[in-house]
Amino acid sequence: MKQRPAADLSGLPSFGLGPRSPTWWGTLGFMALEGMGFALAAGAYLYLATLWPNWRLSAPEPNHWPGTIVTLLLIVSLVPNHLLNRYAKQCAIGPVRIGMAVMSLLGSVPLIVRWFEFPALNIYWDTNAYGSMLWVLLGLHTIHLITDVGDTIVLTVLMFTRHAYSGRRFGDVGDNVFYWDFVVLTWIPIYLLIYWVPRLG
Amino acid sequence: MSSADLTSERDLPPEREATAKGDVAPERDGPRDTGMDDASLHRWLARTWRTPPGIIGALSSVDHKVVARRYLITAFGFLCLGGLNAVAMRIQLSGPQRGLIGPDLYNQLFTMHGVTMMFLFAVPIVQATGIYLVPLMVGSRNIAFPRLNAFSYWIYVSGGLFAWVSFALAMAPDVGWFAYVPLSGPEFSPGKRADVWAQMITYTEVSSLAVAVATIVTVLKQRAPGMSLDKIPLYVWALLVTSFVVVFAMPAVMITSTFLILDRLVGTHIFNPAEGGDALLFQHLFWFFGHPEVYIIFLPATGMVSAIIPAFARRPAFGHLGLVLSLIAVGFLSFGLWVHHMFATGLPKLGASFFTASSMLIAIPNGVQIFCWLATLWDGRPVIRTPLLFVFGFFFIFVIGGLTGVMLASVPLDLQVHDTYFVVAHFHYVLIGGSVFPLLGAAYFWFPKITGRMMSERLGRWHFWLAFIGFNAAFFPMHLVGLWGMPRRVYTYPAELGWGNINLFITGGAVLFFLSFVLFAFNLVHGALKGAPAGDNPWDAGTLEWATSSPPPSYNFARIPIVTNVEPLWAEREALPVATGLRVDVRELLISTVAEAHPDIREKSATPSIWPLFAAIAVGGTFLYSIFTPWAIVWGAAPIAITLIGWFWPKDTPEDEE
Amino acid sequence: MRLGFATLLSVTLALAACQREERDTRPQSSLGSGGQPTPVTTLEPGGQRPSPSNNKAASFEANAFHLSEGKRLFGWFNCSGCHANGGGGMGPALMDQKWIYGSSMESIHATIRDGRPNGMPSFRNKIPDDQIWELAAFVRSLSGNAPSSAAPQRNDDMMPHPSENRMPDAATLGKSP
Amino acid sequence: MAFAAASVLSLQGCAGWQSALDPKGPAANELAWLIWFFIGLCSVVWVLVMIALAAPLLMRPPRRTEPLMLDASADHRKLRVVVIAVGLTAATLVGLTLLSFFANRTLAAIGSNAALTIRVTGHQWWWEVRYEDATPSRILTTANEIHIPAGEPVRLLLTSTDVIHSFWIPSLAGKLDLIPGHMNVLDIKADKPGTYRGQCAEFCGAQHANMGTFIIAEPRAKFDAWWNDQLQPAAAPTGDEAKAGADLFLKRPCVMCHKIGGTPAGGTVAPDLTHIASRQTLAAGTLTMSRGNLAAWIADPQGIKPGSHMPVVELNGDELNAIVAYLEGLK
C-alpha cells in the first residue's frame, strides 16, 4: 500500500520513567494478579473464620511479636524506598547504588525475622483448617517477599556493573521501588488476619 | 482530525527531554528510516528483526507471529485430541449398557475432554489469535514483553504434554474438569490423578496470565500515533477486556489448585469438613474463576464477529460505542454470577435469587451486541463468503445457547436441569456456537493474512454446512434427553429409561461434526500449499493488519502508520500516512500515551533469546516434581532463579544498553 | 535434545506411574478356585511363613488404589477396635518398627488370614483374599514402608496421626516427609 | 428445522420414567409449567432474532459501494430499533426474574408442614435411608428405596459421609446436593401413589452412573403397614437350603459389612438386608429384584458395577444357591 510520511518521531527520547514506560505497566499487571491471589486467599480465610463459632478451633493464640517486628521493619523501609525513587528519577548513579544496597539489606532483615514467625504461630499447618490457613497466608507472603528481595539483590549487583549507565536500568529501579511498596501494602491486611482476627474469635 | 495537524507542536508530549539525563550514557545514534528508499529499508529491517536461523534460533524466537503460529498449531492439535475423546465417549453412550469403555477409562476420557477443550484449546487459541493480530491491528512491530510471550508458549506446551503423557500412563485426572472436593480430595482420589489436574491448571494459567499482561500493555502503550481510545478496533477492545478478565479471574483457579495440592500432599485441612475446612469453599473459589473463564473464551469471539461483519457488510460496525461498553459490561458482570453453578448445593434461597438477577442481567449487554451486529447487517446486502457464513451459524446457535442460559439462570428451573444433558447442550451451544464458529470464521478470514494464500471457498461452504448440521444434530437432542432426566458424566444408562435411540442419534451427529473438522484440517493444509495468492487485503477490510503484506514481514510495518479513523484503510484510500524517524539498525518500536496515543518514546524491543525456554523448563520441571514432594519448591528455586537472571541480564546488545 | 529428554522422562514415569495408578477391581483368582494354602500348624516362630511366593504382593504394595482401599477396609472391618489408629491398644501397635510376626507382605497377609495367638482373630473366609492383600499393604504403609507417592493421603476426618504418605519410616525415623 | 423435528420427538417422550416433563408432584408440576413457559418465550425471541438476521438477505437491499459513506437518518432509525429491542430484552428478563422468584416462593410453601422426616445419607454409590420417629423403637433403617405416604409432604434431611452426591427425583421435585459437613433439607410430595425413579446427579466417582433411587408413594394405610413390617426382625429361614444359606451368610465376608436384623450380622457400612426381598430393585436401582439377578449380583458384582465396594466373594455353585435361597426369604 502506498505510504506518505506525515510525522517525524526521530526527536523522541529512547527511554521513559514511571508510567511512560511499558515495564511499569507490566509490573502493575503482575501486581494486579498477585493482589487478586492475596485477596482470594484472605477471602477463603474469612469464609472459614466466619463458618465456625470459635475460629481458633481451640488452638492457642499466635504470638504476634515476630509479626509486629516484621511489620515495623517493612513500614520503616518505605522511607529509604521513596528516597531511592527520587534519585532514580534523577538518574544519579551514586545515590541509586547506595539506595539499592540499603533496600537489599532492608529486604533481607524482615526475611530473617520471618523465619521465627512460623514457629510463633503456635500451630502446625496440618493440625486443623485454622492452622492451615495461617501457614498458607504466611507462606504466600513469604514467597512474595523472597522473590522481590531476590529481584532487588540481582538489580543491586547489576547497578554496580557497567550496564548501569542506561536509562532503562533507572526505569527498572523505579519499578522495583513501586513493587516493594506493593509487597509492604499486601502485608498489612495479612498481618491483621494472621495475628489479630484469631484473637477476636 | 486529519493527519496533517498531528505533528504540530501542540500535540507532542509536554516535557520533551532533548538532552541525556543525569548519568545516563548518551544514545549511540544509528541510521534512521527517514528518507530511506523502500528496498534498503526492507533490507535493514529484515536483518534487524529476523529470527536467527537454525534450531537454537527457532527455539529462541520472540517474534509474536512465530509464537502465535506455534500456539495456533498446538491448540488445534489439542482440539483434535479433545474431539477424539468426545467421539469415544459418544460411541460408549450410543446405546444403553454398552461394554466398550469401563467407568475408570470413561471418567478419565470425559475429564480429559473437558480439561483439554477448556484449558488446552479454547483459552490458548483465542489468546493466540490475539498475540498474532493485536500488534498488527494497533500498528506496532512486536508484542510488549516478547520474551515473556515466548516463555508463555513453552509453559503452555509443556503443560499440555504433561496432561496427555499422564493420560497415556493411566494417570489422567478422572474427577471432572472442575474436580469438586472431596471426590478430588486426598481420601477419595488415590494416586497422582487429581494432582495432575491441579498442576496442569497451574501451567496453563501461568501461560495465559503472561499473555494477558503482554496484551494489555501492547494495547495501552504501543498503539500507532492517532489511534485514540475511540479509534481502537473492536477486536482489540475485545482482547483488552478479555485480558483484564484473565488477570482478575485466573488467580482464583491457581489458588484453588494450590489449596487442593496442599491438602493432598502436605495434609492441610482447607477442604476437610471434619477439621474446620469446608467442601463448598472449593466450589466458590473455583467458580469465581469458572464463569469468567467461559467469558474469557466468548469475548474474543465477539471481537472476531465485530471484525468480520463490517468487512462483509461494507460499513463500520453500527453502534461502535455500544459494542465497546457492552464488552466492558460483560467483563465486569462475569465476576458477579458464579453462584449460578451452585444453585443445587442448598445455599439460602435469597442469596441464590440475587444471582438469578445478575445472571439475567448479563444477558442485556450480550443482547446489545447481537442487536448492533444485526443493525450493521441491515445496511445493504452483505457479501456472502465463508467467514460470514460462520457468523450466521454463530447467530443461529449462540442465541439458542444464550436463551437456554437464561433458563438456567432461574433458580427453580435450574434445580430440574442442573448437571443434566440439558446443561451439556447449553454450554456446547454457547461455547461451540459462541466461540468455535466465530473462530472458524476468523480462520477463513485471517488465513490469507497469516499464510498469504486463500482457503478454498467451495470446501469452506461444504465445511460450514457439515459443521452446522452435524452440530445441531448432535447437541439439540441433548436438551431433550436432559429434560428426560439423563444426568451428566454417566458412562452408561439403564435400557428401560428409553434414552437409547436419542443417544444413538446424538452419536451420529457427533461423528458428522467431527468429520467437519477433518474437512477443515484438509482445507487448511490444501490452502497453505495450493491456495490462490491472497495479496495484502483480499477482503478490502479496514483495519491496520491489512495494510502490510501477507504474510507480514518480521517487522510488520516498514514505517509505523498514522491512524485517522476507526477503519484506517477505508479512510486513507489513496496513501497511508506514516511516521518516520525510527532507527533501522536496532529493534525499535513506538511507545505512545494511553488515552490519545501521542508518540512518546522510541522503545527498544527485546532480542531473541533461548533463556525463556530454559526458564520454562526450570519452572515446568519444578511444577512436575512438586506433585511428588513439597521439597520440589526448594530444589526448583535455584534453577528458576538462574534461568530468570540469564533471561533479564543485559547482553551488550544495543537493545539492552540504550 | 528436548524430545529425547521428554521420551526418557515418560518411560521412567511409565514404569512407576502405570504400576501405581492401575485400578483393577477384579481379583486375580477366578470364582471358586480357592487358592488359599492351608496352614500346616497354628504356631510359627517370628519371621517368614513358608507360603508360596507369588507376585501378588508386588502388585498390591505400591499401588495407590489398593492402598487406599486397604485404608478404607481397615476402618470398615473395625481393625481400629484393637489396633486403634495404628498406635496399638488391645492389639499391638502397627506404626512402630517392632514386628512380632514379620513385616513382609506375605507375613502380614498370613497374620490376617490365619490369625495369631493372644487374640488376633483369623479372617480366613471372612475377608476375600485380595482385600487381605490390600489390608496388608496398608498396614505396611502405617509404618512408612509404602512409597510416599502411592501411600494414602489424609482422610476427610479428625486426624489421629500424620497421613501415611507423610509418615517417617518407623525403622529409620530419618526420612523427611 | 432441527427444532421442529426435535419438538415432535419430545412430545411422544413425555411419559419418561425419570423425566422432568412428566410431573407427578406439586413441585415438579410447578417446574414443568415453568420449563414450558420459558421454552415457549425463548422460542419466540429466537424466531424474532432469526427473522432480523434473514431480513438483509431475503429483501435483497442494494449492495453498499463506499464503506465510510453512511446515511445518518437510516442510522438514526436503526438506533431507535436497537434501543427498543434492548428495552424489550431488559423487560423480558426482569419479568423472568420475578417469575422465578415467585416460583421459588410457591415451591418453598409446599413442604412447610411435613409430618414425616427421613434422613437420606449418600454413600459411594448407594443411599442409606433412615426413618426418624419420636419413639426410638420405630426408627427404621433401609436402603435405596424410599416409601412415602402419597398426598402428604415429606421432609428429607440430606447429608453425605464421603463425596458430594445429588438427590434428584425429576417427576417429584428439583435436585439437592448431599454434601459432607452440611445438612440440606428437601421437601417432596407425591400427588398420586406410584413408583418414581431418580438418580444421583453430581459426579461421585466410578459408579456414579449406577446410583439410582426410588420413591414409592403409597396410601397412608399401606405405608404404615409397610413400616411396621420393616420393623420386624428378619424372617427365620425355612427349608434346609435356606438354613444352610443363613449359616453361610455368617461364615463368609457378607457378615463383615451387611446387617440382617435378628441375626449376629450387624455391619452398618453396607445396605441393610433385613428385608432385601421386599425391595423392587438391587444394587441401587441397577437390577430389578429377581432370583437370577440376586445370584448374578452376588456372584460377580464387579462385572455389573466395576469399582463398586462389594468384593467378588469366592463361592461355589451350591453355596451361591444356598445364600440366594436364604436372601429370597427375607421379605
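Per-chain numbering from 1; labels A, B, C and D assigned in written order.
Assume a contact is a pair of C-beta atoms (placed from the backbone, for glycine too) under 8 Å apart; a residue touches a chain by one contact, two chains touch by 3 or more.
Not measured: the values here are computed from a predicted model.
**Student:** Considering B-C alongside B-D, which chain pair is linked by more C-beta pairs in contact?
**Tutor:** B-D
**Student:** So how far apart, in whole Å, are chain A and chain D when each is placed at the average of its C-alpha atoms?
**Tutor:** Each chain reduced to its C-alpha mean, chain A and chain D end up 51 Å apart.
**Student:** Quick check: how many Å separate the C-alpha centres of chain C and chain D?
**Tutor:** Using C-alpha averages as centres, the distance is 38 Å.
**Student:** Express in whole angstrom the distance between the two chain centres, defined as the mean CA positions of chain B and chain C.
**Tutor:** Their C-alpha centroids are separated by 47 Å.
**Student:** Chain D: which residues touch two or more other chains?
**Tutor:** 162, 180, 306-307
**Student:** At which residue positions does chain A touch at least two other chains?
**Tutor:** 126-127
**Student:** For chain C, jot down the residues that touch at least 2 other chains.
**Tutor:** Within chain C, residues 23, 154, 156, 159, 162, 166 contact more than one other chain.
**Student:** Following the definition at the start, I'd like every touching pair of chains, please.
**Tutor:** A-B, A-C, B-C, B-D, C-D
**Student:** Report the residues of chain B in contact with chain C in the complex, numbered from low to high.
**Tutor:** Residue positions touching the partner: 104, 161, 165-166, 168-171, 182, 185-188, 190-193, 263-267, 269, 272-275, 617, 628-631.
**Student:** So in the complex, which bits of chain C are touching chain A?
**Tutor:** Result: residues 154, 159, 162, 166 of chain C touch chain A.
**Student:** Spell out the part of chain B that touches chain D in their complex, as residue ranges.
**Tutor:** Result: residues 102-104, 107, 175-176, 180, 182-183, 187-188, 273-274, 278-280, 310, 313-316, 318-319, 322, 344-346, 349, 353, 356-357, 360-361, 363-364, 367-368, 370-372, 374-375, 377-384, 392, 395-396, 399-400, 403-404, 406-407, 409-420, 472-473, 476-477, 479-480, 483-485, 487-494, 496-498, 502, 542, 565, 567, 570-571 of chain B touch chain D.
**Student:** Note which residues of chain A are touching chain C in the complex, please.
**Tutor:** Spelled out, the residues of chain A in touch with chain C are 126-127.
**Student:** Where on chain D is chain C touching in the complex?
**Tutor:** The contact residues of chain D facing chain C are 162, 180, 251-253, 255-257, 267, 269, 299-300, 302-303, 306-309, 311-317.
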